[in-house]
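Pasting the structures here.
Common to both upcoming complexes is subunit A, partnered first by subunit B, then by subunit C.
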Partner chain A sequence: MNTIGALAGVVIKELYRRKDFYVLFVLTAVITIAAGSVRFFQDPNIVRYVKDLCLLLIWVSALLITIATAARQIPAERENRTIFPLLAKPVARGQVILGKFLGCWLASGAALAVFYLFFAVITGSREHDWPVLDYLQAFLLQWAMLGIVTAMTLLGSIVFAAPSSTVTILFVVVAGILFLGRHLNTVALHNAEPMRSIIYAIYFIIPHLELFDVRERVVNDWGLVNWLDCGLAALYAVAYTGLFLVLTWLAFRRKSLN
Partner chain B sequence: MKIPSPGWCLALLLTLCFTLATLLVPRAGWWNDVPRAADWNASRSQSENVFKLLFGEGRRLFANEFFIMADSYFHSGYYPSIFDKQETEKDVATPAHGQAEDSDSTSDDFLGPPPDWIAALERRFVPNQHTHLNSGGASGHVKKDEVQEILPWLKLASDMNPQMIDTYTVGSYWLRRLKMPDEARNFLFEGLRNNPGNCELLFDLGSLYLEDLHDARRARNVWLAGLRCWNALPPAAQADPPVHQAFENTSMNLATLEEDQGNWQEAIRYLEMVKQISPNPDAIQKQIDEARQKMAAQPGTTHP
Partner chain C sequence: MDAILRTENLCVEYRTLGLRGEIKPALRGLDLSVHPGEVFGFLGPNGAGKTTTINVMLGFIPPTRGTAYLFGIDVRQPIARQRIGYLPEMTYYYKFLTAEELLRFYARIFGIPRRDADRRIDRLLKLVELEPARKRLIRTYSKGMQQRVGLAQALINDPDLLILDEPTSGLDPLGRMKVREIIQRLKNDGKTVFFSSHELGEVETVCDRVAIINQGELKTQGRVDELVARHGANLEKVFLDIIGYQSQATI
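Here is the complex of A and B:
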């Protein structure tokens, strides 16, 4: 466990040494504040469009940070040849995967927490209302989703040749799931066999990342989701994260490091 | 006093010249071309439109999406996607068009029962009830200031497509409901600057003057301008349903206004105009007969 913790610590240090997070945070802050400073019809109480925009930017930024961080972990270790002394410690390959995953996930969680703090301050200053539990729930669900994305990206970094291709492919896949995932069952019904069965199979196989997207509820003040449902969603996230980590470990175990 | 160096003086003069140039060049262009207030307003409105500069004519494509966003906000996010059954008319626009709310809403049941467990679970994480912002929205608490959340999208839609009349009529309707008549009037003015002589906008502006600003004289003048604009239209444009409806409503409102002020002859004249185009001429004829009776009952009036 100490080994995994030490590996995770290195990844977290890497995040705050790199500029990715700072650039994305400043961009999000500048765009949100600029949008919030626009006054429509001289009315200072209009706030939902600012919340909508800010949450969208948080989602995009969090995905960028997570995918970019996770995609370069193992390729960078191989490229710098630091993987050899690391494995000679001795550290098992499974521990490397778990350590990298934990580091990326915790780092993305820390970044996400800063984003949500900013979001709470901005919306609270406009709305004069502090639905802290709603924001905490949105944060936890998004963080659980980032766990799946981190595991998927680690798998991609083993399978694909370069970090750039991993980042591109993962972005396309994640965006595809977020935009189309929930509609694949409807699309399947409008197709004839065998396409219907194929699309339905894809619908059941893919991790439904959009399940963790409660932006519409937060923006439109729908209140808290039942915590039991959140627990089910967390179990769903754990199952998919575990699956992707096992697949990563299997792929990494057979991977030649030279 | 220390005199600045010549270099600084030159820099200061250059800055001053540049600032003056940025102020004077647009005005000089106007002086040389067409010195009419309408043209000045039009050119200013266009130059102010950042979206035109950024997207060109392609911005009109976004206008519809922003109008849909306003409708989506009106439903607190409970809204059909392109894969679901679509609304025949936007609920946010129905009251502005004089129809009862929810008269033709398909958004009550666009989802149907969940087909599988993933869909069932997903629906607990998204807005899952048909509500309207003006009736309390998602929280169910009626708050005066909730409906105004749709307004930024209507403003953006009008900026994207200044010829989209619905954005002005719907926007001004909700601004009036929010007791912001001055903002509603300014928004309608903006619409009229971009669409001079539009009958629908003139009808709404007249209604605003009468009902919110209690200025019957201006309301009459605006409605009369609306009738003149309608008469100047080619027959095909006159037959356009919203324009036709605006003409009918304008004539009817003018008739009511004249009735209220005791100008029975004028009222009957407008009712006769409505009768010619109304789908229900018998009901209008009944109103005309009633107006004639009231006019006859009044001493000192002459029959038309």
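Here is the complex of A and C:
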């Protein structure tokens, strides 16, 4: 556990010493503040649009940070050859994978927490209402989803040649799942065999990341999701994260380091 | 006396790129043994298989055939590397960390308690003369300073066996002298040092025994003084004779 914790610590240090997070945070803040300061027809519901925009930016930024951070971890270790002094210590490749995962997930969680804090301050200052539990639930569900995305990205970083291709492919896949994932079974019904079975298979295999998206509930103040359902969603996330980490380990185990 | 480092019939083969994918042997049945407390020089021309041997011993690449052991444990087990220190030829460290952070990171990997780690970090940074720069990011260090950080990280676990891959390459004469002094000090402390080098004068000065390989094959292994006496020449001449080098003048 010491080794995994030490590796995770290095990933977190790397994130806060790089500029990615600060750039995205400043961009999100500027756009949200600019949108929040606009008043259309004195409409009191304008705050909902601000919330919608801010949450969308948070989702995009969090995905960018997570995918970009996770995609470069193992390729950078190999390219800069820091993997050699590391594996010359009593460290197994599985521990490297777990340490990198934990570091990326904790780092993305910390960045997400800052985004949600900013979101709470902005919306609270406009609505004079602080639905802390709603925000906490939205944060926890999104963070669980980022666990799956982190593990998927680590697997992609072993399979694909360069971090830039991993980032592009993963961003397209994640966006595809978020936008189309829930509709695949309907699409399957409108297709003939064997396409129908293929689309159904994809529908049942992919991790349904859209399950973790409660933006609409937060924007429209529909209240909390049942905490039991949140627990089940967390278990779903753990299962998929575990599966992707095992696949990553299997791919990395025999990978040449040069 | 049991060997600390041992290889038996070690063979590594690479498949070349291309449609045919020919098999190229990098190591051919290498048998090495390094005993506790000795400084062992591992010599060979470029491409002889020195780095491949070190890569197998550190578990970076699996052998095609044969076995390698550190402290009697198969090198494929991570625990075999608990009591070793490794200094790579080039500096490969996290440049966004400071020297102190890097050493703390490696100390954590070895499970060294925090108070003990603090003491070791202070001592090592003094030893490699990086005390004034301990809070600076490694990316701001000169090449010599980065090599010294490497030496400090290789010693963080107080290793019984130190594996050095061309430790003085790219260092100025002062840096070389410093590394040589440290190797000598480790030897006096009863540590075992295994290092590959092209600096034959240096090897002759500090090593007890050497092995010379060429094209993946072990050509000779023995005490430096005995080799020198047997050939009636210095180690450089011995080395050139063994690898079959003939100067233009002779030809």
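The criterion applied here is as follows: the second predicted complex is superposed on the first by the 255 of 258 C-alpha atoms of A that agree within 3 Å, B and C clash if a C-alpha of one lies under 4 Å from a C-alpha of the other, contacts with A are read in each partner's own complex, and residues count from 1 in each chain.
Rule of thumb we're sticking to: contacts are C-beta pairs under 8 Å (C-beta built on N, C-alpha and C of every residue); 3 or more make two chains touch, one makes a residue touch a chain.
In this text the structure is predicted, and so the values were computed from the model without any measurement.
Chemist: Mind checking subunit B and subunit C on superposed subunit A, clash or fit?
Modeler: fit
Chemist: Examine A:A233 and indicate which partner it touches, taking first as subunit B and second as subunit C; both and neither are also allowed.
Modeler: first
Chemist: In the superposed arrangement, which partner chain does A:K89 touch: subunit B (first), subunit C (second), both, or neither?
Modeler: Touch status of A:K89: second partner only.
Chemist: Quick one: is A:F204 in contact with subunit B, with subunit C, with both, or with neither? Answer first, second, both or neither.
Modeler: A:F204 sits against subunit B, while subunit C stays out of touch.
Chemist: Would you sort A:S164 into first (subunit B), second (subunit C), both or neither based on which partner it touches?
Modeler: neither
Chemist: Classify the contacts of A:D221 with the two partner chains as first (subunit B alone), second (subunit C alone), both, or neither.
Modeler: First partner only, subunit B.
Chemist: Who does A:V47 touch here: subunit B (first), subunit C (second), both, or neither?
Modeler: first
Chemist: With the two complexes superposed on chain A, say which partner A:V187 touches: subunit B (first), subunit C (second), both, or neither.
Modeler: first
Chemist: Check the contacts made with subunit A and report whether subunit B or subunit C touches more of its residues.
Modeler: B
Chemist: In the overlay, answer first, second, both or neither for which of subunit B and subunit C A:S125 touches.
Modeler: neither
Chemist: Look at the superposition and give the distance in whole angstrom between the closest pair of CA atoms, one from subunit B and one from subunit C.
Modeler: Value for subunit B versus subunit C, nearest C-alpha atoms: 41 Å.
Chemist: Which residues of subunit A are in contact with subunit B in one complex and with subunit C in the other?
Modeler: Common interface on subunit A, subunit B vs subunit C: nothing in common.
Chemist: Which stretch or stretches of subunit A touch subunit C in the complex?
Modeler: It comes out as residues 2-3, 5-6, 9-10, 13-14, 17-18, 80-82, 84-92, 256-257.
Chemist: Any idea which subunit C residues touch subunit A in the complex?
Modeler: 58-61, 78-82, 84, 86, 88, 90, 92-97, 101, 105-106, 108-111, 150, 153, 157, 163
Chemist: Across the complex, what residues on subunit B touch subunit A?
Modeler: Counting only subunit B, the residues touching subunit A are 73, 76-77, 81, 83-84, 115-116, 118-119, 121-122, 124-127, 137-139, 145, 148-149, 151-153, 155, 175, 180, 183, 187.
Chemist: Mind pulling up the subunit A residues that touch subunit B in the complex?
Modeler: Interface residues on subunit A, with respect to subunit B: 38, 40-43, 45-49, 141, 182-183, 185-187, 189, 203-204, 208, 210-214, 216-217, 219-223, 225-226, 229, 232-233, 236.
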